[in-house]
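Labels run A, B, C and D following the written order; every chain starts at residue 1.
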Amino acid sequence: MIKFETDYQEGASPEILERLVKTNFEQTSGYGEDSHCQRAKELIRKEINRPNAAVYFMAGGTQTNTTVIKHFLTPCEGVIAVNSGHINVHESGAIEATGHKVIALNAHDGLLDAEDLRLYLEAFYADPTHEHMVLPGMVYISYSSELGTLYKKSMLQEIKSVCSDYGLKLFIDGARLGAGLMSDSSDMTMQDIAGLCDAFYIGGTKTGALFGEAVIFPEPEKANLKQFTTLIKQQGGLLAKGRLLGIQFEVLFEDGLYFRNAKHADIQAMKIKKAFSEAGIKFLIDSPTNQQFPILTREQHEKLSSKFSYETWQPLNDGNIAVRFCTSWATTDYNIDELTRAIKELK
Amino acid sequence: MIKFETDYQEGASPEILERLVKTNFEQTSGYGEDSHCQRAKELIRKEINRPNAAVYFMAGGTQTNTTVIKHFLTPCEGVIAVNSGHINVHESGAIEATGHKVIALNAHDGLLDAEDLRLYLEAFYADPTHEHMVLPGMVYISYSSELGTLYKKSMLQEIKSVCSDYGLKLFIDGARLGAGLMSDSSDMTMQDIAGLCDAFYIGGTKTGALFGEAVIFPEPEKANLKQFTTLIKQQGGLLAKGRLLGIQFEVLFEDGLYFRNAKHADIQAMKIKKAFSEAGIKFLIDSPTNQQFPILTREQHEKLSSKFSYETWQPLNDGNIAVRFCTSWATTDYNIDELTRAIKELK
Amino acid sequence: MIKFETDYQEGASPEILERLVKTNFEQTSGYGEDSHCQRAKELIRKEINRPNAAVYFMAGGTQTNTTVIKHFLTPCEGVIAVNSGHINVHESGAIEATGHKVIALNAHDGLLDAEDLRLYLEAFYADPTHEHMVLPGMVYISYSSELGTLYKKSMLQEIKSVCSDYGLKLFIDGARLGAGLMSDSSDMTMQDIAGLCDAFYIGGTKTGALFGEAVIFPEPEKANLKQFTTLIKQQGGLLAKGRLLGIQFEVLFEDGLYFRNAKHADIQAMKIKKAFSEAGIKFLIDSPTNQQFPILTREQHEKLSSKFSYETWQPLNDGNIAVRFCTSWATTDYNIDELTRAIKELK
Amino acid sequence: MIKFETDYQEGASPEILERLVKTNFEQTSGYGEDSHCQRAKELIRKEINRPNAAVYFMAGGTQTNTTVIKHFLTPCEGVIAVNSGHINVHESGAIEATGHKVIALNAHDGLLDAEDLRLYLEAFYADPTHEHMVLPGMVYISYSSELGTLYKKSMLQEIKSVCSDYGLKLFIDGARLGAGLMSDSSDMTMQDIAGLCDAFYIGGTKTGALFGEAVIFPEPEKANLKQFTTLIKQQGGLLAKGRLLGIQFEVLFEDGLYFRNAKHADIQAMKIKKAFSEAGIKFLIDSPTNQQFPILTREQHEKLSSKFSYETWQPLNDGNIAVRFCTSWATTDYNIDELTRAIKELK
């Protein structure tokens, strides 16, 4: 069985494992107070060209989302997300467990529309009973989105502008930031991302690290971060052997490995996309990144799933089924070739 | 200015105030451990013909909703409600503050559709990733609904049936239970309500009490209530002078005052409904209870609002505005006459 | 059975009930947006000579404590209290349910010692691991205390001074503020209290109201209160018929009824204290307010409890038992006489 | 600078890194649904001789503690721990953030006394107001304790017996379980531990893993675990690349590496203990495990800290200072020799 289930089904870039072996017997202080973390932070600050940015490493995505959201919101505030947003669907209620509502707006191919956001906020403040409602405190979006789609820079600028008008913080979930930025469809750099939000994170897990995410506050002086490390600890995101995160992000950012890993995933995904398209198979959504959502007949699904594993995404009303193929930094040409050959035979 | 803003804009039924005066110097234990509370509980048990029902008095509606919901749910579970449900809109995030997601389904004129509920649950358990999602633990509905509408008995039976199939608790918010049951459109009694849910509450605040709600668990042996009083205290619902709640519910239930109060509100509302209808004015929704939602032109609104106060409910796309008129146990014939006269002049 | 169990075992001052009857059919907006609340706030502002103070009315003490504490703390902060403090013992975990630790310091006769507080804070910030600990964010004290004792003004000034040094908010629980201020042992006025804290509340429940507490922020410009009403709602403290709170506090503060009620309780308590003292009975604590804690032998307890009910407070190691007698605005001379006679017979 | 700061200052046992390298390109499903996790669970079940035990892998200790505690408690319950317990001191309020109070009892050299526990529970239920207090729901202890000390088997049996009498769950934090069991002073095996609690965890982080803890429920049929995976996700403990945990615990438990690692740490600690003792230096506490707490004069501290880093634990009243030296699976003989030589020179 060849797996295209997720972008976290293999280990880590070999360079990372090599570095872990090489540094294994160094003695370092715990909790990120070590020189590897310091250097990794410097590399990230350099990448986004913001020497004063605050960078924190956290053990996983759920902790990252809950910590940043809990940090930014008052007890009466909620976080706005699209209904397909990760925090609204697949965090097992972790956001609500911190006491905050996820205010879900309709997604457009996985994306938040700036105009929808503005209309929601206008209506909210026009409602004379809004003091009895959950107050909007921040906006959460994902780049790339949970459906593999991307915001154009102009779309993000508009969202940022609405956020500014209403005093909302903007947080970008970058679990798949690399796959987004490296897509041929992207018109943004990581530096652009940093310039358009109050916080974002660079996902390591899905771009070749064993695990770990880097949270960046581009303008820390506006983010009141004095207690942020304590909050990371409280939310379970503080790794005892913090240097493991520093070492990984050092390797990922010292010579562009992070971006090469992401680019590889995108390239392999485009081959899959092409193969399905040439086989006349349509997609649930037109994704330019490492997640592809072809729509299969039950027969096609039966054939493909005998040799390949992938996620069943959504049964459709016409009896067909939308599925998800994921590629990663580790997806081999061999596996791609096997898959494209099998797709051809579906015709 | 004559007010039709809410059903809690006057004090309490005079019989209640009289009884408070009469009992004022009795000495009783606190927190509901007094003979008035005991008697009031007995009266309610008799009303629903369930001698073993557990009855608790609480200080207000928000505490009642959070306490019952927190009681029934595990940390991983959420509560299903329609998007127009009170707990999804107007509790200032009190449910989420207890750590639980409100899972919002589309409302049909303020009501939950049993078929929608079943489809949601089928899809949920068919989703291979549902272990990473908020687990549905209970259903919350309101009788009458936030839009004044009513479930037919058969609708409630279907909802209860779906709940049973999926192991969900069913909780009925009865802030306006009286207005619902006394409506000519209702095909249910309080006894029926008790037979179709795991818990419901009888709203005192909106039916002639100063304040206070009575929560009923018709089958306490299934509700694991050992720590429920402690939970009421934790959620801020335990009144020190608990007898105040007992005394009020005694007066409301010893000779039917609760139902007379509710019926009066409904009758006065029907007069308003008739007046708007005869003036050719349409409604946002066809409500058979004490909340009426006529759609006014801006001109009509300007005229009416010079003499009457009522809630602006929702601006409509055509420039008109849906508003809400509320009646209560205290709405006088004089005020109704003044209003109907003014409505006639709108034509 | 004559009850001395609590100071909330009777109804309300007759003047309050009269006013409720008189205003019963007034129509007012809900949630405290009425003229009675406005006037009551003015009366309180005048009483403390702070025309700009922010005043909020809440339905009960638990909600008041959780709301103020949740308001002042960040997610990483806890509230310091003495181990005998109400929030550490008798709130059923309501504070922790909002996500915050109660940091308990040793009580001295129910009181917090400023020096203890300073030593705790010094040690806390000297501890190199304090970033992994609950950060102290505020101090909670009670006036009068849960044991009936009182801070001298100088003690409060010292506590305030430590709070200022460490950036902590100071919150005074005034459930029994009246009994404290009216005690012959008190060297403070309500105006003094307002000048020595960031927030305090005036307890209505235990001083002649049916229920209700008034929270005061003497310097609202330092308290960031923009979302406070929403938080009150979220915590279950916002009364629908808010005017009931306004009316009660109007009556209590328009001609000094609040203070007369409290004084009466203190005077009756002093008679009890004298009776026990003259009978050679010792006290667990020397309380100058409306709670008295005599230590009875089992035999004395048996005799007294046949005719009077009071709270058993604490079994002592020598087999004796400390009990609590409470007086209130409603304690009659007759009941006091009966009790003092019975105490004499204990000898 | 030679570090004895913590037992997590180095990487991982080389065998673990080798296995990570070897398995790096295997494709596995995420979230622990892989064959490595399955095998590791089997190895642990075999170690404790309980074929039906439920085993879960989690990313870190904070998540493990919050998840197990949140799982076992109802909303009204708290967890009993000694005041020096990790959850009471160093979790940044993570337990309270889940809504639960840590009920702190006095520690005796870091340990909970069964008699203290029983007296607390007797007094609790004898208190007529206990329904307004946080209900005790479980007991948390650590083996070895935060001060390196160990429960005798008989002590644990007594604690378990009290727990059974009062219906409390017993949870053992095993962050340093290995160092405890391998100590010459221990009279228990991991199998004994499993037989004396409702849940415990085997700490990987401090015994040679990169990170990760294994939670074991010896009798899963009594632990209601249906939603436990969802709760792990909600609390941020579910690792995407779950196989990393499985692989590490496979290596640790397939031929006793876990125990060898722990034994090594204990042996090295005993050398340090001996050196300090021979130098006439006393200890804050008599620890038989990998944490040693010598009491240094300021002068001694100054000398030692110029070459070695260790934790300052507690300033003492006499001006001396208690410090902590930690050893681990990785502590070299060279470093121990350097330290013992330096200690000798302190005399």
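The definition used in the following text is that contacts are C-beta pairs under 8 Å (C-beta built on N, C-alpha and C of every residue); 3 or more make two chains touch, one makes a residue touch a chain.
Keep in mind it's a predicted model, so treat the numbers as computed, not measured.
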### Query
Among the chains, which is located farthest from chain B on the basis of C-alpha centroids?
D
### Query
Quick one: chain A and chain C, Cα centre-to-centre, how many Å?
50
### Summary
Note: chain B sits from chain A at a C-alpha centroid distance in Å of 42
### Message
Taking the mean of the CA coordinates per chain, how far is chain B from chain C in Å?
### Response
33
### Summary
chain D touches at least 2 other chains through residues 75-76, 91-93, 97-99, 131-133, 230-231, 233-234
#### Entry: Chain contact graph, described as a line, ring, star, complete graph or other shape
complete
## Note on the structure
The chain B residues in contact with chain A across the complex are 75-76, 78, 89-93, 96-97, 99-102, 104, 126, 128-129, 131-134, 311-312, 315
### chain B - residues contacting chain D, complex
70-71, 74-77, 98-99, 131-133, 135, 227, 229-231, 233-234
### Summary
chain C partner, complex, touching residues on chain B are 2-3, 5-6, 8-12, 14, 17, 20-21, 23-30, 59-63, 66, 91-94, 97-98, 205-206, 210-211, 230-231, 233-241, 243-244, 330
